[in-house]
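Shared chain: subunit A. Partners: subunit B in the first complex, subunit C in the second.
Right after this comes the complex of A and B.
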C-alpha cells in the first residue's frame, strides 16, 4: 500500500504538467492580452510592460520559461497589482480552504446523519423528512440558495451578516487560527450553508441507500441474533460497512467544494482564491490563472488519492497493485 | 455527480414470469411507467419543453416580447397581465423565463449529445482498440478528470467567446462546446467498463463462435447492452449542464444580454432582491424544478434499466 501511495503521488507530477499545458494553451487562445483593453499607452511603456512580464517573447519561449520557473517554485507575477502569484495565493487560500473545509464538514455531518436516520426509520416519518430534504437540496444550486438565505436571514431577520468571511486570514498552524476572537459565526453561517447544502443532500441520498443495503445483510441479522445492543449493531456494523460508497463520492465532493466556491465567494464578496480566478480570467492575468489552476488541480488530485488510500482502511479486502 | 443514488424506491415489483414475453426495452419502459415519481417528472419535463417552444414562437403564449421594455410597469409583482411580474427595465418576466428555459434545455440536451458522441467513441475505442489505444484513451480521460470542471468551462468559454472560429460562432453552441469539454469523461469511463466486461460474456463468445462479423458483435450485441447505464448518466448530466450554463451566466459570460437565460435572470433577481423578490423567485424556481425533474427521471430510469442493481 505504501508503494501504491508513492506511485500515485509521483503520477500526479505528469498529470499536473499536462493540466498546466492545456491551461497554458487555452489561456493563450483567449484573444487579447492583459494590457489590450487599457487606454493606449506610449509604445515605449508598452514595450517595457511586455518585457517585464515576458510578453515580448514567443509563445514557446514563454511556455518553457514558465515551467523552468515553476521547477524553482516560482509561480510568477500577477499583472494587476504587480504582486507575486504566491502572495495572492497566500492571501486567498486560507479563506477558500476554510470556507470549503467547513462546508465539507457541514455536508458530511448533516448528510450522513440525515441518511442514517432516514434509513433506520425506513418508510416512516424520519425517512420522509430526510428524503424530502435530500430532494429539495439537490434541486437548488448555491447561486439560488444564497440570495434566498440572504433575503430571509440578513435582510428580513437581521441575524447574519451579508458580506465577507468570518474566519481569520491564517493557516491551521498559525496561532491566530486558534483564537476564538478571530472567528465570527455571523458571517460564516450563510456562505457555508449555501455551499454545503447541495453536497449534504447528495451525501444523504447515498448514505441512505447504502445503509439500507447493509441493514438487509445476513451479518446484521447475526449481530442482532447474538444479542448485541442495537447501538453497537448500528455503530460498529451498519455505519462502518456502509462507508465505502460514501467514501467514493467524498473525494470529488471535497474537490468540488474547494474549487467551486467562487460563486459563493462572488455573492458574499469573500476575498478567496475563486474570486481571484474569475477576475484573473477576465483580466487575462496569465500567471495568476496558471497558479490558481495548478493549485486547484493539485487539490482535485490529492482528494482522489486520499480517498483511494482510505478505501483500503475501510475495506481491508481491497488490495493495491 | 452523476452517480447519485436511489432515494425513491417505490415498492418495486418485477413480474419475472411476464418479462420473458417482452424485450429488454419494453420491459424497462413498463418499469418506468410504474414509478410514479419518474412518470410525473417525465410529464412535467415534457410540458416544460412544449411550453418553452410555444413560449418562444407563439405570441399568445409569450404575450410580451422578452426584450420589450415598458417603463411604466417596472419591478411589478405577478398579476394577470404579467404572470411572473416585471423586471427593473419593465420587461415581462414570464416571457424572459420562457426564453431562458428554452436556452437551458438546448444547452442541457446539446451538451449531452456532444458528451455522448465523444464518450461512446473514446470509451469504445479504449475497450475494443487494443492495449495501446486503451492506455492512451484512459490517460486522456484521467487528464480530463483532473481538471477542475467549472474553472475549465470558464476558460474554454472565454477562449471561444472572442475568437472568430468557424462553427462555434453562436453563443449557445460555444457554451455547449465549453461545457462538453469536461462533460464526456463519465460516459467514456462507463462505456469502457461495460464493454470490457461484455467482451468476456458468454453471449459474445457465442456470437463469435457462430461466425458473426466483428462490427455485428459490437453494434448488435455489445452496444445495446452498454446503453442502460449510459442513458442514466446522460439524464443525470442534463441538469449538471444546465447548472453550468447558469453559473456562466451568473458571472456574466453566459448568453450575451439582452437575451435571457435562467442564470442571468437569477443574477438580475439577486441584484434587485430588495425591490422585487419575484424577479429572483420565478427563474430560481424554474431551475429548481428542472433539476428536480431530471433527478427523479434519472432515478426512475436507473431502477427501470438495471433490474439487478437493487
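Right after this comes the complex of A and C.
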C-alpha cells in the first residue's frame, strides 16, 4: 500500500506537467492579450509592458522560463494585480477550500442518509421521497438553486446573508480558523447548500443503489437469521459493504466541489479561487491561469489518490501492488 | 428497523440543520448604515492611480479619494477645488496660470501645493506609468514626446514658479483646456513622498489621499474601505465616517444584497429594471454616453455607404430599446448628445439614418443586393453578456425580416473583442463613447480625423478633417461649435464609423436612509461627490 501511494504520488509529476503544457498551449492560442486597451499606447510603452512580464520572448522561451520558475516553486506574477500568483492563491484558497469542504460534508451526510433510508424503505414512501429529492437535486443546477434560496431566505425572511463567505481567511492550522467569532453561519448556509445539493442528490442515488444490492446478499440474510439487531446489521454490515461504489464518486465529487465553485462564488460574491480563475481567463492573466489550473489538477489527482487508498481500508480484499 | 426509527435519524438531522440555521439567523451580522457608515456597490477596480486609469470604476474611486484643480458641475461649470480661482490665460492663449489654495495638505500632513500638480501631470506623461489618458494632454508641449520615449521630462511645459502657482504652456490655443484641467489625469501627486515620477502609486493604506475620503484597505475581490479624510482642506467636508465599497460582479446579486439590507446603494443591470421601475428608491440617470454600431470602413462590404445605410435604417431603435434594454435608455440617431455644448439638436439626422424600412431596402438595392439577393452575409462581434446576446438576436431578426440578409453574431469575451477591434479584424460591432469633459470636441477630435489615434474604424473624410482642424484652433465657442456641428453632421450622415443607436444611462437603487446623493454627470460607476452623502437615520 505504501509503495502504491508513493508510485501514484510520483505519477502526479508528469500528470501536472501535461496539464500545464496543454493549458499553456491553449492560453497562447486564444486571441487577445492582457494589455489590450481602446486608448492608444505607444509602441515603446507596449514593449516595456511586454518585457516586464516576459511576453516579448518567443513562445518556446516563455514555456521553458515558466517551467524553470515552476521548478523553483515560483508561479509568477499576476499581470492585473501585479502581485505574486502565490499571494493571490493564498488569499482565495482558504475560502474556496472551506466552501468546498463544508459543501462536501453537507452532501455526504445528507446524501448518504437519504440514500440509506430510501433503500431501507424500498418501494415505500421513504424510498419515493428519497428518489424525489435525488431527482430534483440532480435536475436543478446550482445557479438556479442559489438565487431562489437568496430570494426566500435572505430577501423575504431575512434569515441568511447574501454576500460573501462566513468563514475566516485562514488555514486550518492558524488560530483565526478556530476562533468562533470569525465564523458566521448566517452567511455560510446558502453557499454551502447551493453548492452541495447536486452532489448530495447524486450521492443519495448511488447510496440507495449500493445499499439495495448489499441488502440482497446472503450474508445479510444470515446476519438477520442469527438474530443480530437490525441497527447492527445496517451499520456494521450494510453501510460498510456499500461504501466501495460510494467512495468511487466521492473523490471526483470533492474535486468538483473545490474546483467548480466559481458559479456559487460569483453569485454570492465570495472571494475565492474560482472567481479569480474566471477573471484571469477573461483578462488573459496567463500566469494566474496557469497557477490556478495546476492547483485544480493537484486537487483532482490528490482526491483520486486518497479515494484509491481508502478502497483498501474499506474493503480488506483490495490490495495494491 | 422500523420506518419510524429510520426517519428518527433523518428528523434528528433535519432538526439539527434547522437549529443551525436558526442560530445563524440570530447571529450577529454587519451593522450597515449605523453611525455614519454605508456600503456601496462597486465592481473590481484595476488601479487606484489617477495618472494611469481609463476605467470608469477606477475613476469613480479616484474621485472619492482625490481632488484636482477644479470640479465639473452641471452645464460644464468649473468649480475651483485646489485651485484658488479659474485660470488666467495669456493673450496668445498658450499659457495657463493657476493659483493654488494656500495651507492645503495631503491626508498624511505633507503640503499639497503647485509642485504636486506639476508632478501629477509629469506622471501622466511618463512612459513607464503608461497613462491611458495621456492623449488628452497632447496639447501640453513635450508631453507626447516624453510619453513616446523621445523626449525628456524637463521638456514637458508644466512648472511651479512658486509653491502656490501652477503654470502650463500648451502648443496651440484650446478653448476646452480649462475643462481638461478638471480631469483626473491632472490630479496632484505627492512629490515629496513618491521617490520618482515613475514610482508605483502606493497601495492602501499608503495610497496618496487628497480627497474627502481615503482608501485604507483594498481586499481584492471583496471590498475597499474608505474613511473620512480628517485633513481634507476643501469644503464641504465628508459627513460619513466610512464608505465600504463592496465588490459584487453580478448585478442581480447586488440587487438581492440591497433588498436584504446589506448594501445601501447599487447599480442596476437592465435585466432587473422591470422589477423596480415603479419604486421610490429607484433612481435613473441619463448620461453623456452614446452606443452604436461601429463599422470597419476598410472592409470590402461595409465600406459601401449604401450597405451601412441599409444596416442603420433597418433598425427600429425604439423597439430595440424596449425589447433589448427594457426601455432603460434613450434611442437616438445623434452621436453627440444634444445636451452637450456644441451638439446638434436631437433628431437632426433621423431623416438620413433613422429607421425607415423602405429606405433601408432601397439602400441595399442601391448597393447591388435588391431584396438581399446575393448579399454575402455579414458578421457582428458582440461582447459576451445577456444584453448583447439579446441585441444580436434582435438585429438578426430585423435584418432578416426587413432586408432579407443573414447576420452572423459572434459572441466573444472582452479581450478577444478588444484585440479584434484594435487590429481592425471586424466588419462591425457594438461600441460607443462617453465624454471625458462636456463639449462636442471630446466626441469628435481624436475619433474621426484621418489617422487619429482612436479612429479604429478608419474613418477618412476631407470635410470632417477640415472642420475639425479648424475647430481645434478656434477659441471662440460659437464658431467652434458650428464647425463641430458640421463635422458631426458629415460623420453621422455618412455613417463614417458609427451608427448611433441609443444614449446609455445608469440606474441606481438608493436606500431611503441615504441622503445627499446627487445625479452623476459623468460615466462613473457611482454618483459623484460622496462628501455630500449622509445618513437620514
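Basically, the second predicted complex is superposed on the first by the 319 of 321 C-alpha atoms of A that agree within 3 Å, B and C clash if a C-alpha of one lies under 4 Å from a C-alpha of the other, contacts with A are read in each partner's own complex, and residues count from 1 in each chain.
The definition used in the following text is that a contact is a pair of C-beta atoms (placed from the backbone, for glycine too) under 8 Å apart; a residue touches a chain by one contact, two chains touch by 3 or more.
Quantities reported herein were computed from a predicted structural model and do not represent experimental measurements.
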Regarding the shared-chain residue A:171, is it in contact with subunit B (first), subunit C (second), both, or neither? neither
Scan A:260 for contacts with subunit B and subunit C and give back first, second, both or neither. first
Examine A:128 and indicate which partner it touches, taking first as subunit B and second as subunit C; both and neither are also allowed. neither
Which superposed partner A:155 touches (first subunit B, second subunit C, both, neither): both
Once chain A of both complexes is superposed, is A:219 in touch with subunit B (first), subunit C (second), both, or neither? neither
Let me test your reading of the model: by the given contact rule, A:163 touches which partner, first (subunit B), second (subunit C), both or neither? second
Please indicate which partner A:59 is in contact with in the superposed arrangement: first for subunit B, second for subunit C, both, or neither. neither
Under the stated touch criterion, which partner chain does A:68 make contact with: subunit B (first), subunit C (second), both, or neither? neither
Quick check for you: in the superposed arrangement, does A:31 touch first (subunit B), second (subunit C), both or neither? both
Show me the subunit A residues, by the header's touch rule, that subunit B contacts in one structure and subunit C contacts in the other. 30-32, 147, 150-151, 155, 266-267, 281-282
Which of the residues in subunit B end up touching subunit A in this complex? 1, 3-8, 142-143, 146-152, 154-156, 158-159, 162-163, 243, 246-247, 250-251, 263, 266-267, 269-270, 273-274, 277, 280, 284, 287-289, 291-292, 295
Report the residues of subunit A in contact with subunit C in the complex, numbered from low to high. 30-34, 36-42, 44-45, 48-49, 80-81, 88, 91-92, 109-110, 113-114, 116-117, 120-121, 124-126, 147, 150-151, 154-155, 158-164, 184-189, 230-231, 234, 266-269, 271, 275-276, 279, 281-284
Enumerate the contact residues on subunit C facing subunit A in the complex. 1, 3, 6-7, 9-10, 13, 20-25, 27-29, 44, 46, 54, 127-128, 130, 132-133, 135, 147-149, 219-222, 246-250, 252-253, 256-257, 259-263, 413-422, 453-454, 456
Subunit B-facing residues of subunit A, complex: 15-16, 18-19, 22-23, 26-27, 29-32, 131, 134-136, 138-141, 143-144, 147-148, 150-151, 155, 202, 205-206, 208-210, 245, 248-249, 252-253, 255-256, 259-260, 262-263, 266-267, 277-278, 281-282, 289, 292-293, 296-297, 299-301
